[in-house]
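Two complexes are shown next, each including subunit A; its partner changes from subunit B in the first to subunit C in the second.
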Partner chain A sequence: MSAHLGDLAGEAATEGWANLGDSGDFVELQLPVHPELWALARMSASAIAARLDFGVDAVEDLRLAIDELCNSCAAGADGTSRLQLDYRWDEDSIHVACAVAPVAEDGAAEEASLSSLDLSRRILDALVDDHDVEAVKAGQRRGWLVKRRPIE
Partner chain B sequence: MDELFQVTVGEDAGARVVTAVGEVDVSTAPELRERLHEIPEGSIVVVDLSGVTFLDSTGLGVLVAALKRVREGEGEGDLRLVVSRPQVTKVLEVTGLASVFSIFPTLDAALGR
Partner chain C sequence: MVTTPSVRDEDIGEKLKRYARTHDRALRDEIIAAHLELVEHLARRFMRRSEAYDDLVQAGSIGLIKAVDGFDPELGFEFAAYASKTIVGELKRHFRDKGWSVRAPRRVQELYLGLGQVVDELSQRLGRSPTVKELAAETGASEEEVLEALEAGHAYRSASLDTPGPEGEPLTSRLGGEDDSYAKVDERDLILPHIAQLPERERLILHLRFVEDLTQSEIAARIGISQMHVSRLLARSLAKLHDACEADAREFESRS
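And then the complex of A and B:
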């Protein structure tokens, strides 16, 4: 499971950070899909953004965006599911890839939370520079986002 | 980590005042939903979010559901928000919900004092 999630996050990342280059800096975080642990994901994202001196507003934006990425990717997950986040960055951008497995195929669970997912999408549209959350494929869902340094 | 969130319900000036403090996310929103659901339809409800440091789509969904519910009953049911933190204002604005709720900067203003 762990290796498979890592591969998935890496594949999603390839799309999300195609122009990132080889900075060498990255963080991987893997969690059980227990929503009370989303705070750890938010904390790690804000720590990285603060380390890059992104500014208070951008740090807060990324904190909320990571939460929404986790919410979106975990729709249809169950008590056995795990979530992996991969953070990579350079001087001007932070790229985050997310993978969750196992996840129920798109359907009842996803429809039940459709309004919440729509709100998540609107929040991600507003707070990050690029993002995507894919449909469930073979019991897994992937997503990614890019937050660039605000222009001063 | 749930100790990071608290919600209390009281009455003031004929309104039910729900005060939330801390982070409202997918793990704490059910508690907020539960407390709001205890309030009868048709009530005037003020949700004081001035102590909320984080609000995500799950929390917004709870507030939208509560707004629909209080307006379904007989009477002048309404749900007003007290918001003072910029990050909470921002999430209401980017989702288009700032125009759906009546938003006030202070509890006194929400209660018409």
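And then the complex of A and C:
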């Protein structure tokens, strides 16, 4: 499973990630799906944003957005699931990809989590510049977001 | 309920009204000092073996500070009752957070308590949202400590449905049972009734952030509280909404 998640960065050929190219450093973080540990995910994102001299408003938006991304990707996860986050950045933007596996592909569970996913989507619309959370595929759900430096 | 004999109610009432208008820091400290006995009283109720009393008082004091900052004297509620619920909420959160072995150390908690004012002052001085580097320079803390302090105000995602609301009752009880109007709501708008259950100020903050697209600093200036307080309320509101949605999901699953 971890090998599966480990391919995340390479596979994340989404529109948002494609713009970033291969330049720059990246950070990977892998966690159990325990929401109380998402503090680590928030801290990593905010530390990167601080390095880029993002203002506190943007840092706080990113912190909330990471919660939403983790929450969305973790819908349908169980006690054995792992969550992986990949962080990449350039001078003016931070890109975060998230994957959770295993995730149930049960239709009823998917339907039941709709309102929470919908809430996250609406929140992410406001907090970040670009984002997406994919449907469950091969027992894994992936999502990503891009936060750009706000124009002062 | 413990009383605060050193301060007459009418004095506190006046001070709270004045503080709500002026945000005078000395006045805030006076109000806090006058209610520390209440914190100590409530902390004793949560004493458990191996739990340091001082830590509980520290956690309860954070609740008291939140109560002073969040209290609206115009609503006509008694401050001591309001503060008791906030303090108890913070004590419960203290125990919940201890489930995670890396609890914010005291120096970080203290930095967090002072950071709100620094953020607001720097925002005014710079005319923009300050960076973490600037906050570190202003407070004399390291950038890492500032990040830790910012994080200390979050961690609401792990909040359970038993976390008391501002009126003290669990969110679950405020959401109530199913009724006809609820059942008629389109599935995609299941969130709306939950938003309606939030306190008015939290609804306003959600509206300003997500509908009017104001930044947290702009919201803080608009409603007269600190940016960090906005951040905390926003995180808490979103966590409540997710909890409510997840409760819906559990109910849906139990029916299917």
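Just so we're on the same page, the second predicted complex is superposed on the first by the 145 of 152 C-alpha atoms of A that agree within 3 Å, B and C clash if a C-alpha of one lies under 4 Å from a C-alpha of the other, contacts with A are read in each partner's own complex, and residues count from 1 in each chain.
Please note the rule applied: a residue touches a chain if its C-beta (ideal position, glycine included) is under 8 Å from a C-beta of that chain, and two chains touch if they have at least 3 such contacts.
Please read these numbers as outputs of a predicted model, since none were measured by experiment.
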| item | value |
| --- | --- |
| Clash-or-fit label for the pair subunit B, subunit C on subunit A | clash |
| Subunit B versus subunit C as contact partner of A:S116, first or second or both or neither | both |
| Touched partner set for A:A138, first subunit B, second subunit C, both or neither | neither |
| Subunit B versus subunit C as contact partner of A:R63, first or second or both or neither | both |
| Partner touching more residues of subunit A, whether subunit B or subunit C | C |
| Touching partner for A:S46 - first (subunit B), second (subunit C), both, neither | second |
| Stretch of subunit C penetrating subunit B in the combined three-chain arrangement, among 94-102, 112-120, 130-138 or 184-192 | 94-102 |
| Common interface positions of subunit A, toward subunit B and toward subunit C | 35-39, 42, 60, 63-64, 67-68, 71, 115-116, 119-120, 122-123, 126 |
| Touch list for subunit A against partner subunit C, complex | 35-39, 42-43, 46-47, 49-50, 53-61, 63-64, 67-68, 71, 108-109, 111-116, 118-120, 122-123, 126, 150, 152 |
| Contacting residues of subunit B [partner subunit A, same complex] | 1-2, 4, 23, 25-27, 54, 56-58, 60-61, 64, 87, 91, 94-96 |
| Residues of subunit C defined as touching subunit A within the complex | 97, 99-100, 119, 128-133, 135, 143-144, 146-148, 150-151, 154-155, 157-158, 187-188, 190-191, 209-210, 213, 215-217, 227, 231, 234-235, 238, 241-242, 245-246, 248-250, 252-253, 256 |
| Subunit B-facing residues of subunit A, complex | 34-39, 42, 60, 63-64, 67-68, 71, 115-117, 119-120, 122-123, 125-127 |
